[in-house]
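Shared between the two complexes below is chain A, which has chain B as its partner in the first and chain C in the second.
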Partner chain A sequence: MIGFKQKKKLEQEQKTQQATASVTGIVSGGEVRKKGYEIRVQKDLDELEPKWSDNLKTENVDLLNHFTLTLSPDEGIWKNHAHVFDISVPDEYPIKPPKVLCKTKVYHPNIDQEGHICLNILREDWKPVLNLNAIFTGLHFLFLEPNPSDPLDTEAANVYEKDYDKFKRIANNYMRGNYSKY
Partner chain B sequence: MDTIDTSNLNRQFLFRDKDVGKSKSQTAADFVNDRVPGVEVTAHMCAIQEKDDAFYKSFNIVICGLDSVEARRWINSQLISLCERDESGEVDLSTMIPYIDGGTEGFKGQARVILPRMTSCYECTLDLLPPQVTYPMCTLASTPRLPEHCIEYVLEKTWSETSNKEDIGDDEKVDGDNPVHIKWIFAKASERANQFGIRGVTYRLTQGVVKHIIPAIASTNAIIASACTNEALKLATLCSSSMDDYMLYNGNEGIYTYTYRNEKRAACPVCGTPPPVQMTISPDTTVEQYRESLAEDPRFLFKNASLRMAGKTIYLPNVKMIEEATRPNLAKKMSELVPDGAELIVTDHRAYKGIAISVKISYKKE
Partner chain C sequence: MAKAKIVKARLVANWTWNGVNEVCGICHVHLDGCPPEATAKFQTPGDDCPVVWGECKHAFHLTCITKWLGTQSDSQSCPMCRRRWEYSG
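On to the complex of A and B.
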């Protein structure tokens, strides 16, 4: 006899598998050796807009589960400054979202000093229909419209709201490699 | 993009003489906005493929009056890819956008309603389409039987091989709207027809073959258009159940119409869960040749395919860095990269949005 909890867990796993299959279009004939994320990443890359696909790199073109994106915002405080993002795609993608870190040190209400990013679609609002295009557009949007009302770096958010000029000064200093906050 | 031609005016009633040369979509939108108070029509002058997901998501119903199989396949797979399933696999109705499609050819027409993931989709019934009229080159060259064969031969061969064409530059491409071109092709095709004892090459037929003219008749168009708007009204107001799911109309001899349900195809590459497609190729085929064959294979028509297999990228054109890294593979033989019996994953965003096709490759010496 399998216990109730075990059964529940099995059911959950089956459901996840079915959901993965329906999203990626893989037939679960038992013979699938490829990892779940692969087909979906291929499709995502195929659909990528030129402004992202021209600036995306990977150290392993065969695995396609780890990328760096160089994003230079086209407007706003961080205009034309190259920001490098590290994107890791989990095997469960697109059921689970990719992990994204900002490798360039940046003074931003929604990005902390370790490069963690607070973007809704990377966590709570992630849905399997979203894709790399949506994530990259979301990251770009953070630079165009920082969101100080839902901050990750509370200090930066405070300065952004109370003393915008000071915020701009510090952010500019960061881009020149000066990480003092005065 | 599509602009108004004099020859449209006999059946496209929103257009007048003064509109010739203007954008069809803009002129039609302006006309309806002027005529019908409270209605707001926005025209877009671009290919349907240029619009993104957000654009299509903003509609409740999509009615298509498209003129090609390619465009219908694209919008079909686009609307189906927008339709989500919840965790238990049920269709999320809030993401389902009904797709109404109509089309006519002469006195015949059809209309259908596609409820993404619920009813059969356009791709499910793709094999019911009549074969595309293309003639094998060998028939055109050595055994022509139809007047069309003679005209096609002139189009495909004589045109590019003849220099010093009267009043036509050597580099000029065939222009179906240029009477000098049509006259020249007509004359050459007539010569060829005489040589083979074929009758029936006329100026009108020449024009029809060159321009791929499909006869359009205002009354047929009106019948199909009203069937489509009827369905839109029913879906929008729920005042009646909608068409289930395909209506054909034939006005050739009297009036005949019949409505029936197309079954969903379990192996449909767009809305079903397809088994792998089997392909047998020569072990000497290069990756580049294989990609070209995908562009011609009627099951795919993938003009810019990405090729991957489990844990290996063969060629991926869309991302600059990956394209550069995998470009050397194009000259390699498929059999060096893909083992016999291996499963290849093929995608082409332009042809098939959001769909990956799995192809099982086996090799056979020719």
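On to the complex of A and C.
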């Protein structure tokens, strides 16, 4: 049986450990040590704007490295149409950016038919001070302001620049599940 | 007058890195703490986890900025402002 003093001492030790962990990110003792990216991802999740966190599903709660974001732009051609993004976080995060794929078929100058996305902060302009919130804001911005001067789908970019009405028509067809380009 | 005899004393000291009271922009752990490392052995804050400054005045944990610079082949830039990274003396 544990005496009162001993119990009190144990409690005190646990409290100190918790306090240390919250400052240093270090957990000593029996707990499994979390990987560096997990601690960072948890902080990113805590800082997410509600409009993203409300539409974010954690695919792997234990590892925190796979998410699904359902993004419905609040303006523009794709207004209110749900687009599903698959986000996987590498072990090297935040040194390396997450990999993002668009699972919803979309007619967009910067998203190709396989769902690859051309967004500067996901590639050449990534820097570790950016977080998931910045990425989601960037993805949303692609729908508000497509960037035909740096295209991934060159054909879509051409139509966007030369025949905006036709572009809107095809984009709308895509949202209805009709993938013809006329 | 009775003399006091000190039998036991528990001393507590406070420290902080000069001039920074913020989190590391890379790992988002406070600069006074340790960056989360998957492989490293138990680390203690302080000299084990030094903080470094760039010429641009941005501060990071040494291990964090080293990892970042290691992935950049040609131009080494500050993760905060993208200016050329030079360690500040």
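Keep this in mind: the second predicted complex is superposed on the first by the 149 of 182 C-alpha atoms of A that agree within 3 Å, B and C clash if a C-alpha of one lies under 4 Å from a C-alpha of the other, contacts with A are read in each partner's own complex, and residues count from 1 in each chain.
One rule holds in what follows: a residue touches a chain if its C-beta (ideal position, glycine included) is under 8 Å from a C-beta of that chain, and two chains touch if they have at least 3 such contacts.
Just so you know, these numbers come straight off a predicted model, no measurement behind them.
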Message: Looking at A:96 after the superposition, I want to know if it touches chain B, chain C, both of them or none. Which is it: first, second, both, neither?
response: second
- prompt: After lining up the shared chain so the two structures overlap, which partner does A:56 touch, if you call chain B first and chain C second: first, second, both or neither?
  reply: first
Query: Looking at the overlay, does A:64 come into contact with chain B only (first), chain C only (second), both, or neither?
result: first
Query: Looking at the overlay, what does A:129 touch: chain B (first), chain C (second), both, or neither?
result: both
- prompt: Touch check for A:115: first (chain B), second (chain C), both, or neither?
  reply: neither
Task: May I ask you to decide whether A:36 touches chain B, chain C, both, or neither, giving the answer as first, second, both or neither?
output: second
- request: Pick one for A:48: touches chain B only (first), chain C only (second), both, or neither.
  value: first
Field: Footprint overlap on chain A, where chain B in one structure and chain C in the other make contact
entry: 23-26, 33-35, 38-39, 43, 127-129
Field: Of chain A, residues touching chain B in the complex
entry: 15, 18-19, 21-27, 29, 33-35, 38-39, 42-43, 45-48, 53-54, 56-58, 61-64, 127-129
Statement: The residues of chain C that touch chain A in their complex are 25-30, 32-38, 42-43, 45, 64, 67-68, 71, 77, 79-80, 82
Chain A residues touching chain C - in the complex, by the definition given at the top: 23-26, 28, 33-36, 38-40, 43-44, 91-92, 94-96, 127-129, 131
- line: The residues of chain B that touch chain A in their complex are 82, 84-85, 87-89, 273-276, 306, 308-313, 316, 318-322, 325-326, 343, 345, 347-349, 353-356, 358
